[in-house]
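Next up: some structures, all given as structure tokens.
Next, two complexes with chain A in common: one pairs it with chain B, the other with chain C.
Right, the complex of A and B next:
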């Protein structure tokens, strides 16, 4: 009999613990990212990992255009809470130290994107 | 069933219930659902804002074109001198061209030589957006009839649909027609239609449209038509105003005081 009571107490304790841990996780996931003013050029790392950006920057730009132009959703938040404006200028601002940033890679890959037919390229903007 | 086993199960059940009750008492927060409020303000609310413009032609100086000069510089609108390849966002039209259906047979001399600034009316029922086959032109959440030049295929259906002639086509590369490039807005390319965008790129930064800022007579009032407390609504309530071709049912967002 004593063994039984002990057993039930253990089960109750385990249940209590499980619920407690679950709740803690929930509240942990809910904490809002400590987002300060939009980082932009102060940020030293890109909106996505470098390798992903190498292969997918065009999809990112396409998504950003859709979100900002059609939905009015202009702020991109990275998983670690940094905020960026969804704009081609955000990219160009950050990578402005190397004016050939876009061209070097596009030339190497022999792709001819039409961005600069309308957008002023880093070579045309004097800063 | 074994009596001892039955007893055990009963007690275990009670203990579990007690445990749950205790847990609920200790943590009164809801364990299963939490609403992340940070996602709410990201997207603007559809229809909360409807940008509108009121042009008081009594304060519009004769012969002044500062509004169109400022706008055309800001948005890299080319100037190809002459009407053949003309691209225009805001320009001055004679009264009878701007209001051809206003039914004035015997106009006063003043009205005869009056020129009014005309631009895209950002209609609440935009015929151009309905005509566009690629959704390059669309009505935004804030009432602005906007264009995505990337999607424009240059079919010019929108130009045929617009009853105000507010749209221009780039028959040639616009860049040679731009004297000084403005870095605040891209240019367009050959084969796309363009028009006034109510300076949506400036509104985002909390600035007024370029034409409003440039007007020396402060003739242009810009504001939210859906806000009864806004300046533009106060003026609309107080003054007698006109719209261009109101009988078409396009519900323009640009109003005029003549």
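Right, the complex of A and C next:
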């Protein structure tokens, strides 16, 4: 009985160690972010259709954050071949022309985005 | 098995009705405006009717259920919550029941073991799952206030903040979304897993559980998976609070599934065992005081009895009594 417990403890420890090393490697293997995309986008239409963005923009932003910060993949290519930098600034290039663009809906729906925990919100930027 | 499958089938049909209705027949107005008002009306009037009906029933004598020492001589310690003799004792008892399911904490389980031995043991899982389930539902309902207010009241803001504090996934994962599913799953599992419970359980036990699972799944999917644009939802909800009859803007069909299941629950509510929500506050065995040795309780439906005292009797017959030589109290 005691032997069994000891054995399983060893196995568990070994597994834990293996997983730990594996994780270490993975986090070390991340590529450097390359900011090659053009700064300002000249596009007149959004990265996805308007209807889609209305309901899914938070997921797109989350995906972009993950891709650019964790994977170093900073280029978003739309189905019709336009390229955008995966950055909140890409959104704000167009959408901060109206300072209240985010806040109108978010206030109305009582939804607090977490963007402005780190990023400067258009309200805080003096132009 | 029919007892489980038929409510499941009914819930599936209920979920399908608004989907077909909105997607193929364009009945947005019916499912977005007419039915919600109707459901709210049935819920409010139905619950009020049943509570008033219960409150009007006369209670012949104290029928409080006790499991503690009644108030007695000074040197005997009273169990004030189990055997309340003052109003606020009873209030504490009811509130501890409502908030913490106190009596369910004493839940135990009988099991036939090999031998055969009948074994009794404490069984807290129902208490735990029930508590988790009910509290999660409460938090979820309160959270929905964000659709009905322009500026969110601060207590609800705090509740929402706590609920999403794990801050994983976008939109932020609500803890109660997980816990309500865990709770309700256990409640279903509990009924299915034990032969005794399977016999005891009826369609009316499974139906509300399945209905709530349906509502929760539709809601969760709407938030995290099959997204719905929240703006028309908000304007519809605001319209409903202002009793407006404006037709809703275009919203995804999944929203109507969620809403229609909620309406079904609201309509079903006053006619079902879900009334325990109101009944717990007025249940005589819970709210009455165990003071039948201190105070006389009159049966409210006793007809008044005309008593005749001996004094009155003697007043009437004094002269005759004196003549017959019967002793009288007053000369």
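Quick notes on this structure:
The rule is simple: the second predicted complex is superposed on the first by the 86 of 127 C-alpha atoms of A that agree within 3 Å, B and C clash if a C-alpha of one lies under 4 Å from a C-alpha of the other, contacts with A are read in each partner's own complex, and residues count from 1 in each chain.
To be clear about the criterion, a residue touches a chain if its C-beta (ideal position, glycine included) is under 8 Å from a C-beta of that chain, and two chains touch if they have at least 3 such contacts.
Being a predicted model, the structure only gives us computed values, none of them experimental.
In the overlay built on the shared chain, the residue A:120 is in contact with chain B alone; chain C does not reach it. By the touch criterion defined above, A:100 lies against neither chain B nor chain C after alignment on the C-alpha atoms of chain A.
In the superposed model, A:71 lies in contact with chain B only, and not with chain C.
Put chain B and chain C next to each other and count what each touches on chain A; the higher total goes to B. Once chain A of one complex is fitted onto chain A of the other, the partner contacts of A:58 are limited to chain C, with no touch recorded for chain B. When the two complexes are laid over each other on chain A, chain A has residues 114 in contact with both chain B and chain C. Partner chain A is touched in their complex by these residues of chain B: 4, 7-8, 11-12, 14-16, 18-20, 22-23, 26-27, 29, 31, 34, 36, 38, 42-44, 138, 140-142, 146, 148-150, 181, 183, 186-189, 204.
By the touch criterion given at the top, residues 1, 4-5, 7-9, 11-13, 15-16, 19-20, 22-23, 26-27, 29-30, 32-33, 65, 69-75, 114, 117-120, 124-125 of chain A touch chain B in their complex.
By the touch rule above, chain C contacts chain A in their complex via residues 146-147, 149-152, 167, 169-172, 227-231, 234, 252. Residue ranges of chain A in contact with chain C, taken from their complex: 51, 54-56, 58-59, 61-62, 105, 108-111, 114.
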